[in-house]
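Take a look at the following structure, please.
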Amino acid sequence: MSPILEFDKVTIRFGGLTAVSAVSLAVGPTELAGLIGPNGAGKTTVFNLTTGVYQPTEGRISFAGEPSAGLRPYELTRGGIARTFQNIRLFKSLSVVDNVRAAMQVHRTQGIWNSLWRGGAFLRDEQVVEKQALELLSIFRLDVVRDEMATSLSYGDQRRLEIVRALATKPKLLLLDEPAAGMNPTEKLELARLIREIRDRFQIAVLLVEHDMQLVMDLCERIHVLDHGTKIAEGTPVEVRRNPKVIEAYLGEEHALPE
Amino acid sequence: MKHPGARRWFLVAAVLSLGLGWAQDRLDPYFVDILTRIGINVILAVSLNLINGHTGQFSLGHAGFMGVGAYTAAALTLFAGPKLLPAGAGFWVEQLWFLVALGAAGLVAALAGLLVGAPSLRLKGDYLAIVTLGFGQIIAVIFRNIESLGGALGLNGIPARTNLFWSFAAAALTVYVVTALVNSTYGRGFLATHDDEVAAEAMGMNTTRYKIVAFVTGAFFAGIAGGLSGHFTLTINPKGFDFNKSIEIVVMVIVGGMGRTVGVIIAAVLLTLLPEGLRMLSSASPSLKWIGETRPLLYAILLIALMMLRPQGLFTWKRKKGAVTA
Amino acid sequence: MSEFIQQIINGLSVGAMYALIAIGYTLVYGVLRFINFAHSDVFMVGSFVGFYSGKVLGGTSWAGGLGVMAASMVGCALLGILIERLAYKPLRSRSKLTVLITAIGVSMLLQNVGQLVFGTNPQPFPDTLPATTFQVGGVVVSSKDLVVLGFTLCLLGALEYIVLKTKVGTAMRAVAFNPQAASLMGINIDWIISFTFGLGSALAAAGGFLWAYKFPRIEPFMGVAPGLTAFVAAVLGGIGNITGAALGGLLLGVIETLVKGSRWSTWTEAIAFVLLILILLFKPAGLLGRVQAEKV
């Protein structure tokens, strides 16, 4: 099957700094893929390139077989890429349910006149959207806090809400940037189970950036390793774990590779 | 219209405006004068709040759009009206033509808003503030250069068409439209854009479009307020729509609380009354005369103090849970 | 032809003063990413300090004039630092909008306090520096224009030296490039920001003094129009870029002066604005600026 996301020798420079250097990678249509590497390796930058926040200096990125150059982030999201952010970026003046509804309107917006007239169609549509939003929230048991302001949630719940919000855009590819940061081991296990469940239920590809190696090794089918902006390895968890280059890159890092 | 709240709003607004329109000649003229200005200021503040508050874009040229509306409406009633309408047209024809003039005032102002907003709203940052500030200055240059609109002297002898009915009906319409937009998919777009443009784009929102919709809608109502204002003061000139006027409106929004429609309405009412109070104070005794001369200074201090101590505004309380609903 | 050359010289001297103001906008934007609205009023205060110290000093001489200009620069540098410390620094962690509104408040405050102290009516600026006119070929040149240009060149040279050759200048550039990294390297960010405000304000004050020397009528709102034009100059050159700001200032000065001398003179005040819209449409990064990807 042809990949949903493909990087072909992608490079990006910020002034003198090459954050990502000639990286090639491919993610299959329903693959659970991992992207790892030490701090500053360029993982988040890969996400920003994928979502159109940055444009590559060199190389080509294609999504679902189409080149994505020049498309703005919202256009790519409409095309089926969704993401979470490493530093949580929820809409702080919206409630939990409205954060999700906001993301759902990618595919369902009311025109100005409908919004002003507030006829039957408008009210029905808002109800449908609300129902779908609550369904998604219930995956992470966030429906009980639907009317809280998003920023009043606990840190872990905010991370989960970011995933729900990303799912609400009905993606084909879901990018998760350190979703388990700040969670305890039980929460991490639960998160891993849910990520797998999401992939199975919605039949989407997931690309995961995560520093917790245990989680990545358990969850991912294929792992790409970055170091200093270049790709140093790719393979199954077992292959990557044994790769001497990877071990070297992590040497001195606090994250030991679990055997 | 199926929404019960929306229907109720229109009913109350219709009764109130018609009632006030009827009472126009039966009330003390000074009182009518203040009420009319309250209506106009509510339009200005609530519409600017859509841009500065809900959507988080900072416009400093609201008075400029007001000026565009004022000149458009005045040109229609002063020049076009007498040519197009049959001589000796009655009261209702005049009123209807005024309605047309107000609509045109809003539309031309909205068009100006589109021309100014489209290039500057594509960019992040404070560009809009500067561009709208420039627009406010430049609009005066443009009117000064149009001889048929009176040049630097402006237009005089504008017919007195604005009354309590028009002022309050337009204010009610503004509040309704802004509230309805904010409580719809648009509102979530405005607020998301306000909170975090990067995240909003990542959730599939075309933030530029939301910014432009908010900006153009705001300009539309500023234009209507301008039309009302011109047919109330009966004379307009390029200086009346300068930076100071824009700042007056900005202060209303900030005092009321950015993004809080009710607070902003309260602020618009109070800040219409405040100068009257100051005027009375300063004319009460010669030793208090300085009060009347320091209004802009007061506004400056008010702005700085609010930003330091209470940036959320004076009339805000905790946002109701789930406030953005159908 | 001679009239054209005259116009160009005149335009360059006006543009030089725009450049002096524009650099302040650009410097502050570089370190804080914010438009200091009160900058144009610091320019105004610059000519007012010149006005009062010129009266105290009396007389017309090179030494006296230079002293008056130095007084303006020192006074405004202190004012700029004071504004930053009192009004902007406490808000540094708040939203950009909060700081922007505060800056507008400070701008109005300066204008209105100026009005209380000085009154609304324009007053003549004392002749602190000598001035003559002379002819070269058919061209009538005012020595004022040459003085303005000469002084500006000296100031720009000094600025270039400070920014490129001194320790503070290097620190300034580091803070503009990456504040976190700069503070990790032991740079005192607060101090550098203060210095930047002081430097920008001193240049604006020099601009204010020269402006009053060339157009010797001053009033509390005199900063608004040149301030706006100078801001456009900064954007035209590429905001954050010092050379760009200087270039943009000169360019705008010449364009405005040429329009003023043409039959479209009544539209002069609209030029800067129209240019601003055009830049935003076609080259938002400005002539010398580079598009910078905001870190996400």
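So that you can tell them apart, the chains are marked A, B and C in the order they are listed, and the count of residues begins at 1 in each.
Everything below uses one rule, namely that contacts are C-beta pairs under 8 Å (C-beta built on N, C-alpha and C of every residue); 3 or more make two chains touch, one makes a residue touch a chain.
Treat the numbers as computed from the prediction; the structure is a model and nothing was measured.
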*Name the shape of the chain contact graph, picking from line, ring, star, complete and other.*
complete
_Report the chain whose CA-based centre is farthest from the CA-based centre of chain C._
A
*Which of the two pairs, A-B or A-C, is linked by more C-beta contacts?*
A-B
_Per-chain Cα mean versus the mean over all protein Cα atoms: which chain has them closest together?_
B
*Which whole number of Å gives the spacing of the CA centres of chain B and chain C?*
33
*asked:* Distance between chain A and chain C based on Cα centroids, please, to the nearest Å.
replied: 46
*When you check chain B against every other chain, which residues touch at least two of them?*
198
_At least two partner chains per residue is the criterion; list those residues in chain C._
296
*Enumerate the residues of chain A that touch no fewer than two other chains.*
53, 85
*Would you mind writing out the residues of chain A in touch with chain B in their complex?*
51, 53, 72-74, 77-78, 82-83, 85, 89-95, 97-98, 101-103, 105-106, 108-110, 112, 114-120, 122-123, 126-127, 130, 146-149, 165-166, 168-169
*For the chain B and chain A complex, residues of the former touching the latter*: 1-3, 6, 177, 180-181, 184-186, 188-189, 191-192, 194-196, 198-207, 213, 259, 319, 321-326
_With touch defined as at the start, can you tell me which chain C residues reach chain A in the complex?_
293, 296
*Which of the residues in chain A end up touching chain C in this complex?*
14, 44, 48, 53-54, 85
*Can you name the residues of chain B that touch chain C in the complex?*
56, 58, 60, 116, 119-120, 122-127, 129-131, 133-135, 137-138, 141-142, 144-145, 198, 243, 247, 250, 254, 258, 294, 296-297, 299-304, 307-308, 311
